[in-house]
């Protein structure tokens, strides 16, 4: 393989300049032209987009299915909420602290959870977030229990105005997405991807998979926590449901719907999921039937998500580029380069009836 | 003719792995399928056994078109595929592995039952209570072949049987193969170890990038310098 | 002595209840590596169906209604396997999880149409309507029925997996489905049977537990989390592990309620985290490659 | 591999994203008339509320409540009550000559969902009044929204004191006895039944409603100088299916009475399991044994235990043939939630007529302190906290099915605690 790196480099320019500029312009335009209701929904979507993209750092890039992302999301929201309730600190201080808190929680949680693999990892992270969920529920005097904390004065008056809140959220979301994207294309991100594609080989080359995964977990936790704080900006409330397993499932759905192998896939998924969910719940009492059927159809017929349609080949190209640029001498992938299964390595896939053993 | 493959094509996703392979073998023959790693040997055999779908082409077994048959049907029909690697049912005991295979289907009786298999492989008798996951590579290979025989096949397909085995066990393996040939069983072996395969086969095919590069009888393949250098076996000889 | 008997009986009946519910889940996971969120739906349908079959009548009808529920829900499971799960064996766990979540939503909605929003009940069958007193502790005699059924289910599954060819095949399909197909086993049919069996066990669980509880929408989601905790603690795919997990959670819940009532609901998660931190594959689970 | 194909693909991906965003948002915004550029919701809310009455002879009200999951029955029957009230209004020519339309949605017991639904109903469907949800968390989130848009909000199921305690919320009204009133009423009835020193255990779902109701009950016992001793207090999780260990703790403490703040399916579950433990032989349970729970329990209903209910139709002769009409329409007798939902709609409609305007502000002003004629008689809405002065009903469960309804209900006479007895002085928070 002796292709010049000019191609990928130009691709990088496209990705790091053109895409963000187009997106920011679109967001500004939308914030200006949309009705208040839709601005507010878009604000919610942007928070969820950060949540989903941060989760996808683990899912799509690290091959780690964490079912405990709600622990960070909810912690971020509760940090802001409890700061207000108990007069710990002003909103801005709490807001800035949320990623730190999320990172610290992720460090503790990841240190234990990353000792396990695949499904057990998913279930152990789930157990952690359910523990948080129960703790918030039973400490009624401290957290207001299952009712949650609701007050418009939880956030500064300036942010309570929908458009200001939207622009603020859009700004935070764009910066967060940019940072997350930088992480994914950094040497760290490339090694992370290598650990997803072949853990054993990465380990054989002296990469500490555990440390890389832990760092990814911490980064993901920090941004999920920030997304939780953005939820408070949107909803002026925090309640235990934000820590429940269904909340952990949301960013995973979004990533799958939008496509976990494209950086912006989860964000697109957040947009589609949230608008779809709202539309369906508002227009039909049978929303469960409709949503369930839609989910099933996506999973059966578009398993790599909607963004996958556009970007699967792009992804393959980027992977090849990543291999050349980042792995410095890792042996070439065996053909065929089948879509990797994020939870299972290829080894597990091979044990499923009728699947290829390359 | 026991096996007749015509213009077989197989894809993995978008990559065209097998690009038109034709292969014929007669009843009672032992045929070796050779080639480097990734040449498509295993894929061809998997496609024949029904484990991988064929995109195009036709596979006939004993005059019957089995191209689209699922693996269990080809197995019941008498085509026994012994996969490569450590593929015993590791949570079951050796005996359970054998009983499972013996009772999987009411196979036409062609003379193989557990007692006879244990007579051929007496070591398995000793190991019968052991969990298959705890067996050595050679023992697992023996177990897999025994399992394959219990399907009472007319054609036994062995995928990379020598992979990971010590030279002593490889020698045993050769003995078993000759024994089975003596029984009149048709055997198709894929191998990277060309010398081993050709030593126990009547004919051989050499695959390269999903196509058949050479086909000839075993002795002439063995002696051909071109083949030897192509397969990189000169050093071994 | 009295307190001990009370705790023991409470632990046993809780464990029995949890085991029956979780057995099918772990069986399905063991054979097909699928985490089935719709397992709770099968449980709920079993419970609703038994209320329909038994109705207001008391007692005797229950005993033929229970197997009928198990068979009916097993059939539903077979349809689900053929229609949905079969297409997903090559997908990753997350995709399967999403599919079963979609099924859970669909089943929940259909249940609202079929059985309405209200709570339903069914009375205990005739020989188990009363109470039993041991060492001064009184407890429902139906607890005995639950415990007996739990033991029967456990022993039955264990015997099937270790003593029958079908059981060996189910274990073999875990190790190597292709090699199993190469021995002439119809693995597709086998997986349909296993999934139907898992669903049937969930339906049986719902039916057998029904006299002890109220049956209302939402029990599908309420049960699934407990069932997961139990199976994960024991090690996914291990019947004995599930039994152990059920007992452990029974103990944790009983002692938690007695000594730290405010924290009882958190105790089980602490147990789960502690177990997985020490044994990442559950107590009796096989280490995954 | 080559750049020229890569670039358009990426741009295409971006464009698809942006286009999707625009399309989806444009799609869902097509129905609205609010002018873009308004910066605060309260500024925009004036227009829908004042413009709506003039649009085609109808006005819209909304009800976002729980229609799926464990508490769906409360939400569904309540919604049926609201629907029937609206149908009855329209049958009589509507309100101020306008037909009333109802938009409803399932909140999925999620505050964010409930809040978004209410916002959409207000801004897109131009709902000019909202009727409340089941869960207090959803209620709190929805109240924030209706408050922002200055739209009257009527709670008829969720009865959290916290909703009203904030005070000064001009637009929130409560047509259900709150978490102080309810246990006070029970204590008033209970004090007449219980003689001598008694032991009590409490059993309640582990969240604010459960804790508030239990502490309200204990506070009322102290106020009434009951000679009691607390022997056990259990707070199982809401919707817990397996409560064996909590239950054995209660059974083991041998209380004379168990005060239980569970409701709906949880209470059915408790009663089934408790009776199989023989709890009802020596212990009386005090709980929200309303019509739906009693109907679900059937023959296992514990006779002699004490039930409380916010609106038991069989003990409210003032309802006339409303229960029968309701049953004819919705298949079953009205739950307490249905009656309260019906009443809440009547309250709103009365205030509109009184104010001769649909304006939320005028409606809210007209209602505060007013006395409203409803199917359950005249109800006064307290000016200070907008609590409807409705009584709470308490009774002892009968041993025989009621001949009229075929369900074991309460013995006559049913005790009805007057509002004045059970409500703390206005403005006092508990």
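Here the chain labels run A, B, C and D in written order, and each chain numbers its own residues starting at 1.
FYI, a contact is a pair of C-beta atoms (placed from the backbone, for glycine too) under 8 Å apart; a residue touches a chain by one contact, two chains touch by 3 or more.
What you see is a predicted model; the values in this text were computed from it and never measured.
Asks: Comparing centres built from CA atoms, which chain ends up most distant from chain C?
Replies: The most distant chain relative to chain C turns out to be B.
Asks: Ranking chain pairs by how many C-beta pairs touch, which one is first?
Replies: A-D
Asks: Measuring from the mean C-alpha position of chain B to the mean C-alpha position of chain D, what distance in angstrom results?
Replies: 71
Asks: Counting only Cα atoms for the centres, state how far chain A is from chain C in Å.
Replies: 32
Asks: For chain C and chain D, what's the span in angstrom between their mean Cα positions?
Replies: It comes to 34 Å between the two C-alpha centres.
Asks: Based only on mean CA positions, could you tell me how far chain B sits from chain C in angstrom?
Replies: Inter-chain centre distance comes to 42 Å.
Asks: Could you list which residues of chain A touch at least two other chains?
Replies: Expected reply: 134, 137-138, 288, 354, 357.
Asks: Multi-chain contacts in chain D: which residues touch at least two other chains?
Replies: 67-68, 206, 235, 237
Asks: What positions in chain B touch 2 or more of the other chains?
Replies: Within chain B, residues 51, 71 contact more than one other chain.
Asks: Tell me, which parts of chain B touch chain C in their complex?
Replies: Per the stated touch rule, the residues are 49-51, 70-72, 75-76, 80-83, 87-92, 96-97, 99-101, 103-105, 107, 133, 144, 147-148, 150-151.
Asks: Can you check the complex and tell me which residues of chain A touch chain C?
Replies: 59, 65, 112, 115-120, 122-124, 126-128, 130-131, 134-135, 137-138, 245, 249, 252-253, 256, 286, 288-289, 291-296, 298-300, 303, 341-344, 347-349, 351-355, 357
Asks: Touching residues of chain D toward chain A in the complex: what are they?
Replies: Residue list for chain D touching chain A: 1-3, 6-7, 9-18, 20-22, 24-25, 28-29, 32, 34, 36-41, 44, 67-68, 104-113, 115-117, 119-121, 123-124, 136-137, 140-141, 143-144, 147-148, 160, 162, 206-208, 211, 235, 237-238.
Asks: Show which residues of chain D lie in contact with chain C when the two form their complex.
Replies: Checking each residue of chain D against chain C gives 67-73, 75-77, 206, 233-237, 239-242, 244-246, 248-249, 251-252, 264-266, 268-269, 272-273, 276-278, 292-293, 295-300.
Asks: Name, in rising order, each residue of chain C that touches chain A in their complex.
Replies: 33, 35, 84, 87-95, 98-99, 101-106, 108-110, 173, 175-178, 181, 187-188, 191, 225, 228-229, 232, 236, 262-263, 265-266, 269-270, 272-273, 276-277, 280-282, 285, 288-289
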